[in-house]
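You will see subunit A twice below: alongside subunit B first, and alongside subunit C after that.
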Partner chain A sequence: MMCETGDAEEGGRHGHRGPEDEQAQFSALLEDSAEDLYEHAPCGYLSTLLDGRIAKVNVTLLDWLGYGRDDLVGRKHFSDLLTVGGRLYHETHYAPLLMMQGEVSGIALELKAADGSRLPVLVTSTVKTGSDGQPLLIRTTLFDARERRAYETELLRARKDADLERDRLKRLNATLQRTLLPPTLASVPGLDVTAYYHIASVDEVGGDFYDLFPLVDGTWGLFLGDVCGKGAAAAALTSLARYTLRAAAVYDPDPATVLANLNTVLNHEYNGNDPRFCTVVFGLLTPDTDRDGFRVTLASGGHPPALLMRADGTADYLPTPGGQLIGVLPDAHIATTTVHLAPGDTLLLHTDGLTEAHTVSGDEDRYGDDALLDFCRTLAPTNASDTTDAVRGLLDTFGTGVEDDTAVLAVHVPRPTRQKEQ
Partner chain B sequence: MTERLTLLTRTTTAGAVIELTGGLDHHTAPEVRAALAGLDLRPGQQLVLDLAGITFCDSTGITVLIAARNHALAADATIALAAVPERVDRIFRIVGLEQVFSTHPTAQAAETAWRPPAT
Partner chain C sequence: MDVRSRNHVTVTGPAGGPVVMLAHGFGCDQNMWRLVVPALEKDFTVVLFDHVGSGKSDPSAWTRERYSSLDGYADDVLELCRELALGPVTFVGHSVSAMMGVLAAAREPEAFAGLVLLAPSPCFVDDPDAGYRGGFSAEDIDELLESLDANYLGWSGAMAPVIMGNPERPELGEELTNSFCRADPEIARVFARVTFLSDNRQDLARVSVPTLVAQCSRDAIAPPEVGAFVHAQIPGSRLVTLNATGHCPQLAAPEETAAAIAAFARAGG
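Coming up: the complex of A and B.
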């Protein structure tokens, strides 16, 4: 297209032709016809009286709509060309705004063509006033917005697809999370066991895990742990840790040996540049033949200590000092402790999503070990389901302050007679 | 939680010092791993991670510190942490890493404590 200015002309590129020639050439091209420009402009033109009655319309718009000039001029109002929704919008917003401001610009409306088809347009109107400032008529331009509408529809569709994908991912994550946990905990004769898993984010799989399973001679193995990181990599590590613990316990159920074997496996799998670790408590429950209840030996690999809520209403941590995280140190130290679980006692294992939770969302303060101990002291004496219910309630009060997944596992030895305190 | 992390590496006679400022989590961990890979550590030297500017550190952040330790050990060098934030210190005590890293109040103190290997 020729659109060079006279200045560029004098720059010498077309110096062989005079400015007059150029002018003539332009005139010939443009035909100098305002009438033709009006009628065949690349947009629709419409002039109406103040009441909206159509006074003038160009050929472009007539062609778009499939009307003859006589069908519209003097017969129809601008709003007659609109869809029902568009007409409503015109009456309630467009026309009042136009009267108030003298101009309305770039409004998306739909026109109804003679054959009933719809044409999306962008409408701009101005009010033409007389020399005395009185409004005389309304001039309207309409731009074909079919391309734009198609683009918007495409955007909407893409967004809908993205929403569907997001929902699908959430379901996938939830499924993956469930596969990392036992569907239901095994029922242990003489024990009451419950667990609760709190998912902090539906978008990313967390890495907490637990299980309870039978070993030989009436003994039971249990574990609860937390792998570093989130997402698919954490899920893979969780899987490896879970199955290794189960297998190692069958091979040799001594809790410190089970964790030492897990340490070896993880250390071989992940090392060097991209080390990964987990913290875990492994417990071995043995029915106590001398007295009622169970003997429980706990081994800790860098995991927050278990809590024991006793039948007499006291509660304390069961510290396992010196235990080290599992998977990154070739010779991780594993600390063990052994306690007797008497009837009425409740053992609580937890991951640090609970103690590291912000008590007030966004605040720096974290719940902490002391607060959890106080909480358990008010709970004791209690049972397994009341304990997990109470922790669940506690986590609910933190809301979004719980940044990380949290798992709790409660093991309770019921009293032989039904004289539980309420 | 996503906070930006900036790394500043300088070299002293004792060895490299990496100053970490910002959040150390699974979004920023790859930057530190990349920096570790490009580090020139000689046997007997000491790699210092200055954590004074760390505002956030999650479990993935901890793996980065372990990766740094692995890197130092692989080069027959040692590692020291300077200005360990309270939260990182607490995680260290829970997971038993306080026995694994030597720590100093400042990077300067870490450098002063370093002794060249006997020749």
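Coming up: the complex of A and C.
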């Protein structure tokens, strides 16, 4: 203001308005009466008794609504000016809040004008209290919110569309995920087998997979793996890995050969600047003719080692050291180990979503191989379904600490006595 | 699940006294009762709670299946009675909660010393064929849902954890204006539908416990003829019309409302 006065002074003598003129003009503006300010304010003013009966209303609001003062004052309640839905909202939200807090601000409501048209407004009310703190009346201001409401309606619509799209994506992902896993595991004579798949994010397809399937002469193949990445590309790789493993096992069921073939296929498929790889453990199950149980040969390509929980209550990893990731090198080294699965023994295969899980969400600590071994030692001796149930419970305790999908597969040889009992 | 934390139960007043259980209606939470509690807690054990999905109830307890009908809420009331084991209670249900009380008392009358139905309506939607006027049409209810939507723009994911209870920093929730009437919009929509589209006219006659119907003299939501209908349908019920206007007598006229509740509860329902 000071600067403007200075500027005006310079041009004062050349027919421009002098400072005196300007001051006078300001005064004229400021003499705008409080009454006029109230009546013709750029917002609606409304005063009501505590029960909502209209006691005073300004011209602006009367003009908006098309009512005369006498139509409203002493005759109508504030809620009478609202749409029926707005009235319900007023009675269940607005009025209670106002009585509890003494004020309510920025509530979107619609007014019903005399001609039936609707006017979206933003409403704010305060309770005026007397010197003794007793509530006397309610003062309400109403702002024309046509533009704003149109914009908000558009936002709401966009959010609804986005929600719909997100639901669609979730359904799509869930369907895709299901197609990458066997709907039910095959039933193997003399074995109990269970699996559990934990989905870390409903927004993305994970890259874990497993399967169990018959081969020649009473032997069975099984695999469990984890492809790098998530989403559509990972799903494509998972699909390729699964059918390659199935087909390769029919051609030559030797586990190391099966993985070597998968390695070759991935090298051919993703040769170039988009290397794709996975970790897999492939197992061949052969009924032991000499003694009860199964002989299991496991081949691992960079996958976390399997865990054996024995009938005698001990548990240990079955190390397959030196096995390399499948799909990276033309001749990946694949490590194998063979173990006898006796009655009462349980074999657990898992992906690293389990051991890499944060034990406390947001914390640095990860669950780890040692903790899993301890966990399995307390489980042993156990069976297949108890094992997958226990792992499931364990994952639940981590909550959102499980960042990656996790697959577990448990294979158990039931004890003969229990079989008879059953 | 612990029903006390599920429903954010608050118990005040002398232990061992006659029990008054106050159930809030659609819109806000147990704070609705705070002006009548001081008068009641002198003589009664007062039980306050938030319906699941309202106030500081446990949001994880809400499921669409359970809370898509008033039966789910009535189950909660009965579970509260069992869990608190305070003996028969005088259940005061405001607005939609009045019908929760009706359903619960019809199922397990032994849990109740009496019912106070405050500004009740067994059916908000008109039924011209039966000559029943609830005061609203189905389109009106859709309009309410629009009003709810229009006022939940500020909710969003960012506000939700603060509003729905932040165990580490409870003061955050308190500081928010309008927080008494905040709810997850998804839940509020379902509760609004249950509230305004349920029809419990047939259930009224099943009430066998002493019942007081307390209506307001000018109520845009539950008009006098609806209160009269409730009174006529519940055998042996008493009807009082409070001087209070509006739909929330416990806020508009707390002394009068507390006195009516106390007189009824003191008489043993």
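One rule holds in what follows: the second predicted complex is superposed on the first by the 283 of 422 C-alpha atoms of A that agree within 3 Å, B and C clash if a C-alpha of one lies under 4 Å from a C-alpha of the other, contacts with A are read in each partner's own complex, and residues count from 1 in each chain.
Following the convention adopted for this analysis, contacts are C-beta pairs under 8 Å (C-beta built on N, C-alpha and C of every residue); 3 or more make two chains touch, one makes a residue touch a chain.
It should be emphasised that the depicted structure is a prediction, and the values quoted were computed from it without experimental measurement.
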**Prompt:** Now for A:Leu185: first (subunit B), second (subunit C), both, or neither, which partner does it touch?
**Reply:** neither
**Request:** With the two complexes superposed on chain A, say which partner A:Asp274 touches: subunit B (first), subunit C (second), both, or neither.
**Result:** first
**Request:** Look at A:Cys228 in the shared chain and tell me whether it touches subunit B only, subunit C only, both, or neither; answer first, second, both or neither.
**Result:** first
**Prompt:** Once the shared chain is lined up, is A:Met99 touching subunit B (first), subunit C (second), both, or neither of them?
**Reply:** second
**Message:** Let me test your reading of the model: by the given contact rule, A:Leu156 touches which partner, first (subunit B), second (subunit C), both or neither?
**Reply:** second
**Partner chain in contact with A:Leu325 - subunit B first, subunit C second, else both or neither** = first
**Request:** Using the superposition on chain A described above, determine whether A:Thr83 touches subunit B (first), subunit C (second), both, or neither.
**Result:** second
**Message:** Based on the A-chain superposition described above, do subunit B and subunit C contact any of the same residues on subunit A, and if so which?
**Reply:** none
**Request:** Mind listing the subunit B positions that touch subunit A in their complex?
**Result:** 1, 26, 33, 36-37, 58-60, 62-63, 66-67, 70-71, 74, 94-97, 99-100
**Prompt:** Which of the residues in subunit C end up touching subunit A in this complex?
**Reply:** 25-28, 31-32, 34, 95, 136-137, 140-151, 153, 177-178, 180-181, 196, 218, 220-221, 245-248, 251-252
**Request:** In the complex, go through subunit A and note every residue touching subunit B.
**Result:** 226-231, 271-277, 279, 302-304, 322-325, 328-329, 332-333, 352, 403-404
**Item:** Touch list for subunit A against partner subunit C, complex
**Value:** 50-52, 77, 79, 83-89, 91-93, 95-97, 99-101, 103-105, 107-110, 149, 152, 155-156
